[in-house]
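Here's a structure for you.
Chain IDs A, B, C and D follow the sequence of writing; residue 1 opens each chain.
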Amino acid sequence: MSDHANTAPRPLRLGMVGGGQGAFIGGVHRIAARLDGQYQLVAGALSSDPERARASGAELGLAPERCYSDFRAMAQAEAARPDGIEVVAIVTPNHLHHAVACAFIEAGIHVVCDKPLTTTLADALDLQSRLAARPAQRFALTHNYSAYPLMRAARAMVASGQLGEVRIVQVEYAQDWLAEPLEATGQKQASWRTDPALAGPAGALGDIGTHAAQLAEFVSGLTPQELSADLMSFVPGRRVDDHVQVQLRYANRARGLLWASQVATGEENHLRLRVYGSRAALHWDQEQPNELTFHPAGEPARRLTRGMASLPAEAGAATRTPGGHPEGYLEAFAQIYRDFAEDVRDAQAGRESPPRVPGLSDGVRGLQFVEAVLRSHAQNAAWVAL
Amino acid sequence: MSDHANTAPRPLRLGMVGGGQGAFIGGVHRIAARLDGQYQLVAGALSSDPERARASGAELGLAPERCYSDFRAMAQAEAARPDGIEVVAIVTPNHLHHAVACAFIEAGIHVVCDKPLTTTLADALDLQSRLAARPAQRFALTHNYSAYPLMRAARAMVASGQLGEVRIVQVEYAQDWLAEPLEATGQKQASWRTDPALAGPAGALGDIGTHAAQLAEFVSGLTPQELSADLMSFVPGRRVDDHVQVQLRYANRARGLLWASQVATGEENHLRLRVYGSRAALHWDQEQPNELTFHPAGEPARRLTRGMASLPAEAGAATRTPGGHPEGYLEAFAQIYRDFAEDVRDAQAGRESPPRVPGLSDGVRGLQFVEAVLRSHAQNAAWVAL
Amino acid sequence: MSDHANTAPRPLRLGMVGGGQGAFIGGVHRIAARLDGQYQLVAGALSSDPERARASGAELGLAPERCYSDFRAMAQAEAARPDGIEVVAIVTPNHLHHAVACAFIEAGIHVVCDKPLTTTLADALDLQSRLAARPAQRFALTHNYSAYPLMRAARAMVASGQLGEVRIVQVEYAQDWLAEPLEATGQKQASWRTDPALAGPAGALGDIGTHAAQLAEFVSGLTPQELSADLMSFVPGRRVDDHVQVQLRYANRARGLLWASQVATGEENHLRLRVYGSRAALHWDQEQPNELTFHPAGEPARRLTRGMASLPAEAGAATRTPGGHPEGYLEAFAQIYRDFAEDVRDAQAGRESPPRVPGLSDGVRGLQFVEAVLRSHAQNAAWVAL
Amino acid sequence: MSDHANTAPRPLRLGMVGGGQGAFIGGVHRIAARLDGQYQLVAGALSSDPERARASGAELGLAPERCYSDFRAMAQAEAARPDGIEVVAIVTPNHLHHAVACAFIEAGIHVVCDKPLTTTLADALDLQSRLAARPAQRFALTHNYSAYPLMRAARAMVASGQLGEVRIVQVEYAQDWLAEPLEATGQKQASWRTDPALAGPAGALGDIGTHAAQLAEFVSGLTPQELSADLMSFVPGRRVDDHVQVQLRYANRARGLLWASQVATGEENHLRLRVYGSRAALHWDQEQPNELTFHPAGEPARRLTRGMASLPAEAGAATRTPGGHPEGYLEAFAQIYRDFAEDVRDAQAGRESPPRVPGLSDGVRGLQFVEAVLRSHAQNAAWVAL
């Protein structure tokens, strides 16, 4: 077990944009930042409504003068303070990601951004070029599912050839929370996530389809070359897709299927990945994240569990407790924060290092995936190149 | 528990075409026919090689004069005997199904045919028109997976509206026995199943894809309206597909995915069906056939087990032992035989009754599915109508 | 796959005592005898009520002159016929096993007896001494759970040292069908099984506890040296135990726990065995009989499935279908019959061979177990020697 | 989701005794204290070795003057500071719990103590009487497994009568990390846990058996009246038990079995509880802590998942993320800390409230259990009263 705080004397100063009262993902980011003791939340633009921004900040113990309602003002003020934030977490609805990220990148502050990166591919590419100009600046995108220890193990196992050549990738992400027209009730999450103006043109596709695509790519090491996609809005009146299914073709002749749905009755947060290679297969289920099935050809399936000594080192580095002591969603999310703290400290010390977490290039590829799916769908599921 | 023999004093006289030494499915049919005591095997054209036909028949206790090497001769001779067979089981390679079925249909003998029905849609339609002219004659196609008690329960539950409107159908059938070029070793099963001349133009598609399609249709009650399909032969030199993936669109706007593979490393015989409706979902896995998950929206998932009193009557009628006493593949296969015995006795008694088992129309739809998949694939996975 | 009929030209002539209309286990024996084509049922004393015996026999296609109501008359008459039965299946309530077995043993007819062997240890020992005098006569006791292919594999794995020294044996058998006073409703199964005059002094202990004890011994290869047992009758008015829990001590210092209950709400037929050795462990669950978990120390658990080529040969010999084609309770039960047919043919041919199935010695040890449990319980769960 | 920090402006000042470099449980306590933002670690006697105490403290960012090597000095110094710690976490080996707890209780500092409470029942009772004299002082014992949301749900379900009368309690806790003589290698955890001078006279019994006993009691609401216990040390030379099995009798005639083992090959941290009542049963497995099986008599089993709206309120209050976002061991551990913060704030505000977490009475009952097991074992597993 690694109690990471042992080697990290000073927590990084963290700010947050979005995540005020009633938000979901902001709370997750705060727990994740806290869990390993690497961050201290000291400032926020938790809401654009001044009253709400102040109240939300007070609940989190922020000093009143560091509760902002304007994220641009926050970026400037914090950049000017000697004790200003070193990292900002962006947890607003998707349509604001680009503008907020720009403001903090310009202010020289490292960024943790919730996914999807932006609502358009153009915006994502814009961020990428901005950051390219500032090599010392770090950017994390919270593709948290790929931070599970066993997903890191899986990636390492594929990369080291344990599966042989990958032939089949099956990934799915099934939820049911939008099976009814929840947005019609005014529920906050449902409202913004089904509003193209706030979430972008992709519904389930952008919200969870991009997670599935990123995870499949992260583990298989393969980027689809072409795809053919069919989108549906099952719930009457819904303005974005709530179900997407995609056929994938890879450069090495591998084939894949991806489906994501927010109307799959009875499913909570069922992200599931199966990768079949010529020598072995891997199966993983996010709802049972502490186990990974490894199935070598012609041999019994093996149940790998988080914490096993025989796993690739990448898994051990991302684990806090021994086998049999389940870790979950928050720990994986915290892993992004923990690893990013190392990225940031490298930057602060002038050390070059490859990023330890998903970043802008993942975000760009996510938007390319979304754009290709929408394009294929618009052509009656014709094959389109990525 | 139903010990069916109680009401059925005389076993039906059964013949078999194919299924000699070294065959697989012939043995399954014989066990299935025996299990409920409804049939007695009395004749066979177990091989077209006279020596082998005789030897195979002797092993099964057949009288020498009823061991044929020519199925046409068998059909005529048996039809002429006062104690001739009443039912024939066709378990040859696929390319012979049509000719054998014709011979026994013409001889007035009821037919149990292994699937797929034929290798071409034209042949399937030909059989259908032949049988249409002989209303008293019965024909069973061994789509055995839909004979599992819980699949019958599932069908009844969908039909009675317990799922609401079906929105999503996910069906998959994964095996790995052809992950290597087994046909190159001369292995009998692999050789004929990958030879287009014997198995037809469809490999995994015809062998197991048709099972998946039939099961999805059987349970959901929906027939696809359009499909878009991608086929692969992963193993170099293979002459038929060993992996198929298909997008499905249904008339009621439902969407589906079907994939079948014989190169999915580590998978034995993994047929799995999930149907999501607006009110509930059903999940089933052939490798754990004694349980069915029923997931009503907003409520905990329920584990339905074979043998439960609360299941639809269709399930109870197809079960032999109480809950917790697992039944499996052979029992489901036997169910086809047991039900078909009732069909045949109805025919013999001049009783009209709807068929209790899959038959020619299922076979025709199966070939239509195969033909549409091949057509779509030939057009780079364009949508084609069924 | 082994289609056993291939080598067995003539089915054995089988008779049955008990198993008339309304019985459960009689039907199971008949299916089991039929499944592999090794037996033909030709005579029966299916009921002691002549009318019912005749009606039950007619349903099973027995000739009227071979439908007996007196098992002693049946034994004599069949022994005298040139085409008399070669094997009898005893499926009466427990209290008759001894008398029926005596009659057929004396008549020189091979016996398949449902378990428990008898209701008293004295009776069991009596049978043992009678059979000792007739070495050519064969006797099978249907401890069907140990005939599952993976239980045979497990036994072979333990015997070959794959587990190292066995340290811990955990076995449990949980049902719930007697959670309510079902006997008060007149239900036939419940009535005789809770009546000490018919079932013997042991309730759940005799009915299912003996299965658990036999299976644990079969796999572990260990016989308990001492036990300490606590019995309960949870349902008011019940005259036999409906729950038993037992601590076990083995000669090699291993420890064990056995519990069996017929009031474990929600459990259907949950027989589960875990054996932990110094080098590895095995876990098995009768409700998922096609898989066996093998857990070597310090390595990932492996999922062994019925049909795998790498299993011990004992498993392969007891399997009919390839992996992924589930076999179940009836196939395991049929395995007893299939193996016993070989035993009987050996006897008929004058070949000596070790019995292939559980027999009198298992029955005697079962009664010794029951007697020891009752003795311990009578002494407030004191340790008693077996 | 409850982001608890929202209502809790000021973190409590926390000290720690034990938990220096190389310790396991100290790190768990620190993560648990941090996760919900309710505590700030400001002082520690992390080791009795001054050098190591200082180094360990520095790694955790403690000021040098608050890194103590003598816990008594720490208690006095911190009590005297205006910004002294308000809560101390005791994570030393078991034999020090009593002395450390005394020191901080006398200093008026609230205590979180790892379990088992003490190594003798007398010490436990002594602590209980000391605390009885200080009603405003709060004491938490980290029986973390009962803090899982679904265990709180289970307790509430039993208490509200959903199971009817509890009849059978099956609890087991299986690990394998002591299957080999690990203590002979000098491994720190193994060494002190198998040393009676440091861990007390109970090995697996004290370390994990007490967890199993507490969980069974917590959920069932039943305290055993009598028990009969058998202990083993399978590993040669081991000075404490590494395997324990116990029969339990409850006042309401319920029966139970408890077994705990640290030599169960292949098991990681397998704590499993099953409670069968007259109306329903509950099953839970710590390695899959986000699901709870509820099995009402005569109905399908239901899979309850953490986060479901229909669960008892006690579960919802202990959950941070929606269903399908797995929480685990650290979150349950953190729950003790989060709830105890409320206890402490109540005490600080002079509010009386029932304790929200396990405390001294649980610790005393745990020691009574240990004492009774040892007493029974010394009498060859005779029944002894608790």
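The rule we apply is simple: a residue touches a chain if its C-beta (ideal position, glycine included) is under 8 Å from a C-beta of that chain, and two chains touch if they have at least 3 such contacts.
Only a predicted model underlies this, so the values are computations on that prediction, with no experimental measurement involved.
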Checklist line | Per Cα centroids, the chain farthest from subunit C | finding: A
Notebook entry, point to check: If contact pairs are compared by residue number, which of A-B, C-D or A-D agrees with B-C in over half of them?
Noted result: A-D
Check: So which one's got more C-beta contacts, A-C or A-D?
Finding: A-D
Checklist line | Distance between the centres, which are taken as Cα means, of subunit D and subunit C, whole angstrom | finding: 44
Margin query: On a C-alpha centroid basis, what's the spacing between subunit A and subunit C, in Å?
Written below: 56
Notebook entry, point to check: Taking each chain's centre as the mean of its CA atoms, how far is subunit A from subunit D in angstrom?
Noted result: 34
Notebook entry, point to check: Which subunit B residues touch at least two other chains?
Noted result: 267, 301, 305
Check: Contact residues on subunit D for subunit B in the complex?
Finding: 294, 298-305, 308-310
Note to self: Residue numbers of subunit C touching subunit D in their complex, please.
What the structure shows: 163, 167-168, 170, 172, 176, 179-180, 228, 230, 232, 234, 243, 245, 247, 249, 253, 255, 257, 259, 261, 263-267, 276-281, 295-297, 301, 380-383
Notebook entry, point to check: Residues of subunit C touching subunit B in their complex?
Noted result: 1, 3, 5-7, 9-11, 21, 24, 26-28, 30-31, 34-37, 58-61, 175, 267-270, 286-290, 305, 307, 320-331
